[in-house]
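Order of writing sets the chain letters: A, B and C. Residues in each chain are counted from 1.
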Amino acid sequence: MNILLSFWEWFGDPAQWSGAAGIPARLAEHVGYSALALLLAALIGIPIGLATGHTGRGGFLTASLANIARALPTIGVLMLVVLAAGIGLLPVMVALVALAVPPVMVNAHEGVRGVDPQLRDAARGMGMRGWEVLLRLELPVALPLVLLGLRTAAVQVVSTATIAAYVGIGGLGRFIVDGQARREFDMVVGGSLLVVLLAVLVTALFALLRRFLVAPGLRGAATG
Amino acid sequence: MGDQPLVRWDWITGNLVDPIGTRLLEHLQLSLSPILIGLLLAVVLGVACARWRWLYPPVFTGVNVLYAVPSIALFFLLLPYTGFGPWTAIIPLSLYTLAILVPNVVDGLGQVPDHVRQAAVAMGFSPLRRLVQVEFPIALPVVIAGLRVAAVATISMVSVASLVGLGGLGQLILTDGFRRQFTTPIVVGITLSVLLAFLVDGVLVLAQRLLTPWTRDHGAAAGRGSARRGEGART
Amino acid sequence: MITFAGVTKRYPDGTTAVDDLHIEIPTGRITVFVGPSGCGKTTSLRMINRMVEPTSGSIAIDGRDVRAQDPAVLRRSIGYVIQQAGLFPHRTVVDNIATVPLLLGWKKAGARARARELMELVGLDPEQAGRYPHQLSGGQQQRVGVARALAADPPVLLMDEPFSAVDPVVRTGLQDELLRLQSELRKTIVFVTHDIEEAVRLGDSIAVFRPGGVLAQADAPERLLAEPVDAFVEGFIGYDRGVRRLSFFPARLLDLHTDAIVGEGAPIARAREVARSSGEPWLLAVDGERRPRGWVAARDLERGAVGSVDAVGDLDLVGYGHVFTVATDSLRAALDAAVLSPAGRAVGVDEEGRVVGVVAQTDLGSAIWAVGTDDAPTTRPVGRNG
């Protein structure tokens, strides 16, 4: 209770709401890094997942790559790239993208592969070409899973983007790191709660996307 | 870092036992305990959620919100209470596994066909006996599938604990590597962490084969559906 | 005996699944519950082993109220077989069958030995003992289900549409098997189906339910076919109930003709004579062992039509279709054989397949007319078409 109370004080302090070290600026940085990482992960993961799912080839390779990426300790990747390329956006992006690609890629792959083979036959039987089958049939049917993969990745990225603070480029992680350094726990709690809030918002956003993008007949397919 | 090579083998051979070996053992301990504790908690929660369905939505939301809390923040917040002991890492990491394991336990139990459950009742199984002898075994492939994801995620996450000084391979990466601008320990730390994840994953695959012989020839299909739920690690 | 006394079941949502059911289910017999979907058959069945508790009324087994016993203990003395078999996917066939003996505290070896015995009893290959259920066909799974229900030798067996998920050929096989088992074991069986055909084949008595969970009629199958109590029951058992009822009359009631049979080696002239003296338009040619060869039309024996052939067997014989076995088949089988025969006559044979005699559709008609008002001499259908 104590912590929550002091958090509320911290949150209500007008000083927190302005300047380069204020909540709005940190939030903007955090959202910016997360969105960029997710976009990059989507650009890499979705095409590969769709392609391997569609052709039925390379599934094993995708799975193995995803497994390795999943097993990589993010901190290690971050620090290695910092030593190699210096402090800045690059190490953060490498670490976050490595984190986000596996769920995006694997779900896109599974989504396409999970399309009922009879449907695929029917589409071919109607005279659709390979890419038409992919765009008109497989992608819409796989969309719920693709979105699920993106959402999982997004939550992880938002939560993990706190590490940007360690390489000095801000984000909500700064509140956590600075709070710890200054022994101001209300700040640590405040920063964490903002991250959680952001994750909840992301989840809600994906629920909305799902409503608008997924054909009504498919909505039961992948929930959660 | 200039002309320094990425990996200096002499450093590795010279430091094989300490710090490399020590950190590896710490890492193993810091990751296995949360996996086991998480599994235990998830089974209790999952059984409760399967029994009282109304419990599931709040529990599901709860574990997912927990999952979104940055681990580093949880470590910091626990420090005043648990100090620099292993529990500071074990408690948050156990909580994180719940987001992956609870849905898998619930789904696994949900996969028990109704007619099988009915048959068990009709043959005079008591509820507890039915749970242990019929429902758990049938749920096992899905639970193990979740456990594999949770295990890999946990092993990669333990490294963050080093930022709070709790040890493990992260400590090798941070203290021996990053702070000294020396890449070799970082590469060693990453590699060992990945290998450890694969090793534990392999052990789980083996365990699954031994424990669920009936799934052997009609594929691991049973587990696949919900394994993807928790895709991915986090930090 | 299982007694339902004024049993009503109303589900919490207000559905009345069973309405004031009074019925007595005799020991050692098969009683079949039939009726359209949703008429409360399953609910009635499951009230016997307390998987459903009645809203009012009581159920007793041999005078003892089922509610006097702990449900788990009660259920271990009642076998239960369901449509999807309900086999445990994680246990081998032999361990599935051994389930109830193990629950009852038998030693593992003893339970397995018993399970192997039962596999043999229900016609499963012992080699399948170590398989898992998904490695068996649907029919084999049902056999395992039956074996499992019988494992602890319960006096009562409840079967809820056990054979409705398998194809018709397998189903017939399973039904035969059940009848064979029952002739050895004499269990008190309550069998649910919505297939009247199956009910007639298996039931010593049949209870027809109407929607709303009301018992419409409970009778021996033959009585049910002869005298449905109302339009609902009549409609439910179908418009061919008259023909179906013939299953209950043995074919040996028929007068078979033997005077229109000729050996295949007989000269044409002899056959002509037989045709003339018997006045029959069709003669049946048989071989040296009196097995049927085919029909010869009397008019084809006329002088001009025969040509140069001199023995009956060398003529173009008309196929004799299928035969009925006089000692074991029913009137229905004889009628069926006659209807399908190009000669309009059915060939009756003995168990070795030797011709006993032939019967024309017209003679069948009078036989059917003669039995139409009688009670059937059997309570169970006769023979394979029953």
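Keep in mind that, in the parts below, contacts are C-beta pairs under 8 Å (C-beta built on N, C-alpha and C of every residue); 3 or more make two chains touch, one makes a residue touch a chain.
Which protein is which chain? UniProt says A, B = Osmoprotectant transport system permease protein; C = ABC-type quaternary amine transporter.
The shown structure was predicted, so the numbers you read here are calculated from the model rather than taken from an experiment.
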| item | value |
| --- | --- |
| Touch-based graph of the chains, sorted into line, ring, star, complete or other | line |
| Identity of the chain that, by mean CA position, is farthest from chain C | A |
| Chain B and chain C: spacing of chain centres that average the CA atoms, whole Å | 57 |
| Inter-chain centre distance, chain A versus chain B - centres from mean C-alpha coordinates, in Å | 20 |
| CA centroid of chain A to CA centroid of chain C, Å | 63 |
| In chain A, residues with contacts to at least two other chains | none |
| Contact set on chain C toward chain B in their complex | 49, 51, 71-76, 78, 80, 82-91, 99-100, 103, 132, 134-135, 148, 158 |
| Complex contacts: residues of chain B adjacent to chain C | 113, 115-116, 118-126, 129, 134, 137-138, 140, 212-214, 217-218 |
| Residue ranges of chain B touching chain A (in the complex, touch as defined) | 1, 60, 64-65, 67-74, 76-77, 80, 103, 152-153, 155-160, 162-163, 169-170, 173-174, 177-178, 181, 183, 186-187, 189-190, 193-194, 197-198, 201, 224, 228-235 |
| Of all residues in chain A, those that touch chain B in their complex | 3, 66-68, 70-77, 79-80, 82-84, 99-100, 102-103, 106-107, 110, 145, 148-149, 152-153, 155-156, 158-160, 162-163, 166, 173, 176-177, 179-180, 185, 188-189, 191-192, 195-196, 199-200, 203, 224 |
